[in-house]
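Sharing a structure with you now.
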Amino acid sequence: MQRIGVFVCHCGTNIAGTVDVVAVAEALKNEPGVVHSAEYQYMCSQAGQDLIKAAIKEHNLSGIVVCSCSPRMHEATFRKTAAAAGLNPYMVEIANIREQCSWIHKDMASGTEKAIILGKAAIAKVNLNTPLTPGESPVTKRALVIGGGIAGIQTALDIADAGFPVDIVETKPTIGGKMAQLDKTFPTLDCAACILTPKMVDVAQNEKIRIFSYSEVVDVRGFVGNFDVTIKKRARYVKEDICTGCGLCTEKCPQKKVPNEFNLGMDNRRAIYIPFAQAVPKVATIDADYCTMLKTGKCGVCAKVCTAGAIDYEAKDEFIEEKYGAVVVATGFNPISMDKFDEFAYNQSKDVITSLEFERLTNAAGPTAGKLLRPSDGEHPHTIVFVQCVGSRCEACAEKGKEYCSKICCMYTAKHAMLTRDKYPDTDVYVFYIDVRTPGKAFDEFYRRAVEEYGVHYIKGMVGKVSPEGNKLKVQASDLIAGKQLHIDADLVVLAAAIEPDKSARGLATMLTASMDTNDFFTEAHPKLRPVESPTAGVFLSGTCQGPKDIPETVSQAGAAASKVIGLLCKDKLTGNPCVAQSDEMMCNGCSSCERVCPYGAITYSDKEFRMPDRTTKIRRVASVNPAVCQGCGACTVACPSGAMDLNGFKNNQIMAEVDAICKM
Amino acid sequence: MENKNERRREEILRISGVNPRKCMKCGKCSATCPSYDEMEYHPHEFVYMVESGELAPLLESKSIYKCLTCFACVERCPRGVEPAKLIEAVRLTVIREKGANHLKADDIPAKLDEEIPQQLLMSAFRKYSK
Amino acid sequence: MKVTYFPGCTLRTKAKELDRYAHAACNALGVELVEPDTWQCCGGVFSYAKDEIASKLPSVRALIDARDKNEPLVTVCSACHNVIKQTNHQIKTDADFAFRMNNYLAQEKDAPAPYNGETKVLHLLELIRDEIGFDKVAEKVQKPLTGKKIAAYYGCLLLRPSKTMQMDDPENPKIIEDLIRVLGGEPVIYPARNECCGGYIALEDAESAKKRSNSISDSAAAHGADMIITACPLCRYNLIKNGSKLPVVYFTELLAEALGVKEDNDGE
Amino acid sequence: MQDVTNFKPLIVAFCCNWCSYAGADLAGSNRLAYPADVKIIRVPCSCRVNPMFILRAFQRGADGVIICGCHPGDCHYTSGNYYARRRMSLLFSMLDYLGIERDRTRVEWVSAAEGAKFAATMNDFVEKVTALGPNKRLEDLRCKK
């Protein structure tokens, strides 16, 4: 039996004005377990708290009920008071008789009656309270960043700057991501390489940062502060520590017909290659799918020309296991496939390209050395049609397009149109748009400049069909403002393809038990207030893996994710919330219902040996909750059919007792 | 009058199964339409005018007989609006009225030639008469 | 292989070749086309009005006939195929329509068991691709169409609405091109191959049909085709009537020719 | 027979800690009155509300039970309110089947900023339940000592 003290606060006249506090204290005196009942002017004041502390000691109280304002206001205060008097802080319950009673009721009689009932409910609950102690877990002071694009780079640099070691895992042979493929960046038009490559060099030179390129995360175990991660370093057949990146091998390799993915297949590379001049790490990689030596054992040219002796045809995949305190997902995006949008003839003509391909065509390091030439015949295009929203905002065709707005297309199309007119004023540029969306600093001004200063033809309408006829692309479109169907003979058509999360994201989300939305973007812990954290503690989101973003937004989100990681890694120990779910293994029937509803992946199942009443042993599959991961929502407690799952602080019998107390009139 | 218009509008939405509110006004249907030049009101305008209840001009327009039901607009609409079904429903509300058949059996002989496939006559009857 | 075969009205009148060569080719490929005892005209076009029941009855009767024999229902004419496949789809997806259709059928003498879209509807092209297999056809080719540059003309009915028809990519189809390759010919890809010929508008507005049809035959010619093939009598009529510079023939004729069974069936 | 004209219903309200309980607090801070018949039980999330709690309340003589949670998409725990919505719609149809009128049960989304909505919701709910009169269908007289 508990020994409960009840403390009724007047809150000046805030409570005492409509609730007869003396009557409340008196009425609650006779409730089961109550050994002491008092009222006071201001319980939260120092004098009020002292009164509680003294009563705890004097009456040897095992639990207290404070009838006062909302627990959202002073629950923490009274818990501290209790702790100071040697009482477990979770033995405190608050009856909210101000916000939910005195302030809303005018009549003293009904106010007092309700206050008594609320007090009784709190007493009924305290009777069933048990002391709770928050768990503690250590923090491994190292962060993992998955993805080496601008988001991952920025996050890693910021974390390293705070003094914590960071590992970047990147699937490609180099970091840099999509930004490395871009030509200029809106709205200021600085060249992407000029602002990105110094950051890549910073990453390479930072002692706190390790880069695992050509690698992927294959397994994640553990929880916040204590992740155990397995990284697969794919064999690149070149010793990274020996290769000097001189590039001789990439010039001598006889296999010249490998589609160059960095230029989106618009030209070829060799079987041994360095993706681009400023690659980090600047080491060669052998593409095992094309290398004659690896496929047939006959060639070996690269090994012969390599003076450093870095080539190793015998290399195998390596697996690295490492511990991390925090994981940042920065897996980025890709343009969607244009296969299902062949009304635009992407698969029927080389001169229909995506915007990312256009970037490469205008990039000085691209396949045309920066000259805007038609892929089909290398001629200079005189009429270019840009089509916006290809696959974005596409409700009808969930299987081919995306329902969301890809956000970046309006701006990069304005950039492409403007740069084309700037460099080649003899070119006619048409942009077909549904809406022009430019909410960003200096964004709308940028778009207007494309129209007003550069004379880009913006046409409200959509392209219906592109027909390759001879060396022209016949574009049939609507001009909704003029009320006309337009027929334009274009030389080049550029499609603003929707963007989607990288395909690796889904598998990663499963490994991390981080949730995703229907589009495979990672879900944030709160859409407004916790935008860079995943609901899974210790997992953070950086860049487009969370939703479409341009570079400025990506970088600011990357920094925000880093600051959250730093905040976590600064701690030596993590103190948990003790109000977490707990499974009674004897009652658990192993059905997995709880595991399925848990948004945090806090519940795991394992086989355990149990002694049966007849002294035999039996192996049963039972649930257990990781208190460091559980956030205490209680979804599992309701899903559990056997009643094994319960929530500390809000136990089934506690809530039932409150219901009973309220209903016993 | 108001009521009759509203009833017709509801009838059009019901028999077509089209929800014109899904339209995001991109104009891809009209960009795609092979009969665009023959039409006074174009597929996107059908969607807009049915949604806003502006039926009278549509019901009187020859445009309702110009749609080929080729379904290019339905195929390419990014929002799944299906303008061709809506145009068909507008046409049906006209020709289902008594004596409003657009194509009458008596007119046929004059239009026949040696090679005309039965399929053409059947289709035209279905589309232009009740 | 035995399949239920729905010829359609035009194949018995103005498009006898389409039908005759289909039989000849299927015979050579070991497929028996069995007509239901009674079939009625499909109606030429599918009505998109959700409340239209009666005009879809003939299609449903043919579907039931195939269902009862546990065979796929095969068509050759694009229009019949489109109407029957769409009717089948509506029965499968629109519960209200299925209910009312079945109520209708229940009134008939010897009422059939309720129909809920169980029958598989195949165009002969799909039957060749999915059931017989192009490789099997390739083995049976006797007289390859070597050197022939052939433009496949799909029109609208074979491909659209693609969600229902599910035959091929509506914007970049390849089923007929693949068949042409198998028969030894050279397919010509031209952008107008999935455009509309004008269809039934020929009766209402001949000028419009002419514009549409010419744009198609001109596009095929401009891309170097020697001939156009189609599966639709109406497409063929419109193209020829409006002065196509290229010959327009049914795909079954080429198929029969390549399989070496054309002459036997000529002039029957 | 109870005096129906002076009938005061007993309403149990389950409020999630992050949105609706805070909304109730805001209603209090703004002195927005609703009947004293409403008694609030704080739960961490609407998904913590076990159908058993509701059955128990009706058994013990409650005349109406309302569950308040965060708006869809705003759940502190991401998806808890969706679970609550699904569970409750099932439970309510079962209760309806047992003769507990639909108007005696309700799920409402009230955010921490919606003090006025909280008060209005409670006023409306009390009014509806009052109109229905006392609930007898599930009441267990043994519980009424």
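Every chain is named by a letter (A, B, C and D) in the order it is written, and numbering of its residues begins at 1.
Note that contacts are C-beta pairs under 8 Å (C-beta built on N, C-alpha and C of every residue); 3 or more make two chains touch, one makes a residue touch a chain.
What you see is a predicted model; the values in this text were computed from it and never measured.
Peer 1: A-B or A-D: which has the larger count of contacting C-beta pairs?
Peer 2: Between the chain pairs A-B and A-D, A-D carries more contacts.
Peer 1: Centroid from C-alpha atoms only, then distance chain A to chain B, rounded to Å. What do you get?
Peer 2: 47
Peer 1: Would you mind pulling out the distance in Å between where the CA atoms of chain C average out and where those of chain D do?
Peer 2: Each chain's C-alpha centroid was found; their separation is 61 Å.
Peer 1: Please report how many Å separate the Cα centroid of chain A from that of chain D, as a whole number.
Peer 2: The separation of the two C-alpha centroids amounts to 35 Å.
Peer 1: Cα centroid separation between chain B and chain C, in whole Å?
Peer 2: 25
Peer 1: Going by the contact rule already set, what residues in chain B reach two or more other chains?
Peer 2: In chain B, the residues touching two or more other chains are 72, 75.
Peer 1: Using the touch definition from the top, which residues of chain C touch two or more other chains?
Peer 2: 171
Peer 1: Show the residues in chain D shared as contacts by 2 or more other chains, in ascending order.
Peer 2: If we look for residues of chain D contacting two or more partner chains, we find none.
Peer 1: Tell me, which pairs of chains are in touch?
Peer 2: Touching chain pairs, listed by label, are A-B, A-C, A-D, B-C.
Peer 1: What residues on chain C touch chain A, complex-wise?
Peer 2: Chain C residues touching chain A: 169, 171-172, 189, 191-192, 219, 222.
Peer 1: Mind pulling up the chain A residues that touch chain D in the complex?
Peer 2: These residues of chain A touch chain D: 70-73, 96, 98-101, 103-107, 110-111, 113-114, 117-118, 121, 515, 523, 525-527, 535, 579, 597, 599, 631-635, 637-639, 647, 650, 652, 655-656, 658-660, 662-665.
Peer 1: Under the touch definition given earlier, write down the residues of chain C that touch chain B in their complex.
Peer 2: 8-10, 13-15, 41, 43-45, 47-52, 55, 77, 79, 156, 159-162, 170-171, 195-196, 198-205, 208, 212, 232-234, 237, 240-241
Peer 1: Looking at the complex, which residues from chain A come into contact with chain B?
Peer 2: 343, 389, 393-397, 401, 434, 460-465, 476-478, 480, 483, 485
Peer 1: For chain D, which residues are in contact with chain A within the complex?
Peer 2: Chain D reaches chain A through residues 10, 12, 17, 21-22, 24-25, 27-29, 31-34, 36, 39-45, 47-53, 56-57, 60-62, 73-74, 76-80, 83, 87, 119, 143, 145.
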